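Shared between the two complexes below is chain A, which has chain B as its partner in the first and chain C in the second.
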Partner chain A sequence: MKRTSSPYAVRMGFGLGISYLFLATPMVRDWMEASMSRHMLVQMPLLVVIGIVACRLLPAHWQNSVLARVGGSIPCVVVALFASSYWMLPRALDAALNDPLAEMAKFLSLPLLVGFPLVLAWRRLTLIGRGFVWTNFISMLAVLGWLYIVAPVRVCNSYLVNDQETAGWYMVIASVLLFLWWLGTLLVGGGVGPDKPDRNGTGTKLA
Partner chain B sequence: MSPAKRSVVITSLVVLLGTGVFWWGTDGFTALTAETARRVEILRSPRPLPAVTLEDQDGNVFNLRDYRGKLLAVDFIFTRCTTLCRSMGMIFKQIRDLIPPESLGRDFLLISISFDPDHDDPASLKKYGQTYGADGKIWRIARVPDKAELKSLLESFGIVVIPDEFGGYEHNTALHLVGRDGKLRLISDIDKAVPFAEQVVALL
Partner chain C sequence: MASYTYTATPDQGAKAGVLAYLVVSAVVLLLMMLFGLLMRMEQAQFISIGGLWFYKLMTLHGAGMVGIVALAGASIMWHFLRQYVELTTSIFIANLVIFLIGVVMILASVLLGDFHAAWTFLFPLPGNSMGMWSQGAAALFMGGLLVIGVGFVLLHLDIARAIIKNYGGLGRGLGWPQLFGPDDGNAPPPAVVASTMVTIVNLIGLVVGASILIMMLVNLYVPTFEIDALLAKGMIYFFGHVFINAVIYMAVIAVYEILPRYTQRPWKSNKVFLASWTASTIMVMFIFPHHLLMDYAFPKWFLIMGHIIGYLNTFPILIVTGYGAMMIVYRSGIRWDMCSRLLFVSLFGWAVGAMPAFIDGTITVNYVMHNTLWVPGHFHTYLILGMVAMVFGFMYYLGKPDENAKDSPIDIAAFWGFVVGTMGFTMSFLYGGKEGAARRYAEHLPEWIPYDRLGSYFAALLIASVLVFIFRFLTRLGLAGRDYQRASLARSIAT
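Showing the complex of A and B:
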């Protein structure tokens, strides 16, 4: 089970590091952060995905021992909830644009405190636990999107009000699609959700 | 420690820490946007402003420091603006008319500062001023000709100006009050003209 030593994992890890650095280059950052939609719905999810992939590259026994040390899946899920909610605050978005420290915190916390712990927790979560994570995320996305559409004020000083409305619509659309997809996997996958919970800790994945 | 106990302890720590971070990041759950944060911070600690050189609608050159010892209402505009700055003009007019006439010009003045010095020469400033009855004494319409000074002025006020897709700008619009000590002491919503004027009267 030593997946890190395989050339595949090494190559993946290398590629992952490159993608992370690529996202962090000033040019890519400027482009991603020039629009609210790209900032919230492309850059931030990609940072989370980097954390997800990074965690999955670790050998299973490492993942298990880290999970045991941090107290199991519940603290992991709670950390991910807090960190992801924080970056949904309009103020945090503005801060990431204007304060290099906040930008750094974003680049560190999204992979390390959202993507990484979610993968650790995922394999141990029951269907109900996974359902909680998904529905919580989907509803948060939908509510926030709706707020951005109907908000009478500009919530971010750094973004145009049109941009805010567009981002809101994208969020609502994304939440509907995610919900349909999640519902679909419940129906076609034998009723166990997108990823089948298992005991031996292999072959699980976070979509 | 049993795994279950460990889980409970660590989860509680995470919740505590997470709530703490939210508390710290939102000024005690009051400021969810950067705009509210700016206003809360000013109330807590009035902010000194840079001594920038301005040019008004009549071509007079003066310094922001010249207003020391008086109360000064400030808003930010660009004269090509067809939306919010229009109402800003009306709101400033309303505020001026709410202040006792004997204080106007002696103890309380108004200034609308353009952040678009390239387009807003004294002539366009004058035209904007005439629309709302800004006389150039009690209420000046001015620009900051020097780009570096403009930048530092906008930064100290916390004004973020971004170009929109129509060749104009979007910016955080608000009513600002500078105290006699030359420090920015109050930022209000633009639909709060009456409370703003009441605050000014209370300070006269």
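Showing the complex of A and C:
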């Protein structure tokens, strides 16, 4: 990928840093974290996206050597899976609100342990691996959302029950939309990684 | 313009994996049929195994049959699809291994844990056993289904990958460019179209099924996480119905691929063919409410949708396939051997078996007929005389010693035993249903018993015939893996 050291990448990296800092400002944090839906479904995904974009800006040979050093795509996927699962736990949300250390861990781990390794692994995953990640993620999101909707108790100390229910509904809706979108990409073809007909396996496609 | 000429391709032998699938299928099929016979004999009061064993057998029979026909269907699909796209053998084998693990879990749950809430595991029954089975047994059963589902997800993902790689997208696998644009004659072959359809609907069905299974597992251990029973039923039937429907769409690939070899007439994917498969891809997913017509709590539009789509979806693929088969066979001088006979009769069985469902899908009829033996009458017809006949046809095809091999009189007798046995067996269900015999009752009223007895005799005849089919296949396993011409050319071509 030629564009890595180009002014484009530098500008992008700069913008990315600014957005990261912006997300970390107390005002934005307060607003995002005031509601469970925004906390889980806006702030956290944005942190992951920052990790994803950042990783893509690195030169391809860097990405490859990091990937080789950590042992290939499977460990990357596993790390991303565990790190993201952790932040789906209600306890983790509470901790992030009450404990500055946990908040910092969230700001570091979501980009570095979820977004980053996913991009590294994505380049090497075929449709089977990617499909596995997607179907797993989507059904987890749906089931977790459902659990939030029907939970008999308040699962987070910091959020009210109705907030929890709303977040649950958003998660279910998001999972349905994601699933439809993913199926749509299969139907019209295109982004399927290294096995695409034109063998363009750069991992720059999402699905 | 599209050109429709036949291009001969060599008959390929089956890979070891396909044979492993088929051997497992044959053995399990036979065992489950024996379980079915025991149930029917219990209803007929020929034997007395008691309610507990009846429901244990019913649970095993339901789950076992649905799983095993899916496995057999997958082996047919994989065998032919592999000739067009590059499939991954290791994933195919992994699915078999995962399947067997799931089967062991289910067997343990039913046989050791006494779980007997039927294969539909309808909420909230598995969690409310009133002491008849433990939480662990219910969890093991649902876990087993989940494990089997994971294997199939992997298999379908591999198929999706391979089709996308070769054709550039699942839409192209369904032949959309040819369907919606000019037909350039380059539409994917029927085997690819059918596999694409099955892959799409099964992936959706399995994700929904996995979600409800996990929810029920959570609910099992933490009952305060309440599940809406109506929603659970909807999801279970969506998953179950899509999955069992997909089975016949996999197996019919054998008809598409093998019959043309006999008469050297092409089975091309023309526009009508493509349109019907695309239409069914969507309809198969909306047809399941016809099982829920009695649940008045569902919104009305939902039930009406089930009624209408149930009517519509009965036909496209069935007619296109039946008509296509007639065109292949009509005045071709086809030579009837066990394979071509079974494949041809399978279309008859499919068509005949669909009719009772069509009738039962009518809301007013449904109020009276649903939950009677009419329903098992419907699905046993299309599954045994349709789907299972396709599987045995495929087995005979693989094992046929040479192009001109003659069938022994025993096989021919078994063929007729199979047809007559199945028709008699399923008619006994249908007639019992018409007379009001309830479904899923271990004990029947005296008025129903004559049908049960007749049904048992016919079932025994059917099983005896199946024994011949299976024995023949097992003795010919060595041939099944080799590449050579199997289909005997029709008289019009051979002479």
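In this text, the second predicted complex is superposed on the first by the 186 of 207 C-alpha atoms of A that agree within 3 Å, B and C clash if a C-alpha of one lies under 4 Å from a C-alpha of the other, contacts with A are read in each partner's own complex, and residues count from 1 in each chain.
Keep this in mind: a contact is a pair of C-beta atoms (placed from the backbone, for glycine too) under 8 Å apart; a residue touches a chain by one contact, two chains touch by 3 or more.
It should be emphasised that the depicted structure is a prediction, and the values quoted were computed from it without experimental measurement.
J.: Putting chain B and chain C on the same copy of chain A, do they fit or clash?
T.: Here the two partners, once superposed via chain A, fit next to each other without clashing.
J.: Which of the two partners, first being chain B and second being chain C, lies in contact with A:16: first, second, both, or neither?
T.: Neither partner.
J.: So in the superposed three-chain picture, is A:146 touching just chain B, just chain C, both, or none of them (first/second/both/neither)?
T.: second
J.: Is A:183 in contact with chain B, with chain C, with both, or with neither (first, second, both, neither)?
T.: second
J.: Quick check on the superposed pair: does A:60 touch chain B, chain C, both, or neither? Answer first, second, both or neither.
T.: neither
J.: Pick one for A:174: touches chain B only (first), chain C only (second), both, or neither.
T.: neither
J.: Now for A:46: first (chain B), second (chain C), both, or neither, which partner does it touch?
T.: Neither chain B nor chain C is touched by A:46.
J.: Between chain B (first) and chain C (second), which does A:68 come into contact with in this model arrangement: first, second, both, or neither?
T.: first
J.: Report for A:132: first if it touches chain B alone, second if chain C alone, otherwise both or neither.
T.: second
J.: Give me the angle at the C-alpha centre of chain A between the C-alpha centres of chain B and chain C, rounded to the nearest 10 degrees.
T.: An angle of 100 degrees, rounded.
J.: Nearest CA pair across chain B and chain C in the overlay: distance in Å?
T.: Result, nearest C-alpha distance in the overlay: 13 Å.
J.: Let me check the overlay on chain A: which residues of chain A are in contact with chain B and also with chain C?
T.: Touching chain B and chain C on chain A: residues 153.
J.: So in the complex, which bits of chain C are touching chain A?
T.: Against chain A, the touching part of chain C is residues 88, 91, 153-154, 157-158, 160-161, 164-172, 200, 203-204, 207, 210-211, 214-215, 218, 224-228.
J.: So in the complex, the part of chain A that touches chain B is made up of which residues?
T.: 68, 70-72, 74-75, 78-79, 81-83, 85-86, 89-92, 94-95, 98, 153-162
J.: Which positions of chain B touch chain A when the two form their complex?
T.: Spelled out, the residues of chain B in touch with chain A are 3, 6-7, 9-11, 13-15, 18, 21-22, 25-26, 31-37, 160, 162, 164-165, 170, 172.
J.: Please give the residue numbers of chain A that touch chain C in the complex, ascending.
T.: 126-128, 131-132, 135, 138-139, 142-143, 146-147, 150-153, 179, 183, 186-190, 192, 195-197
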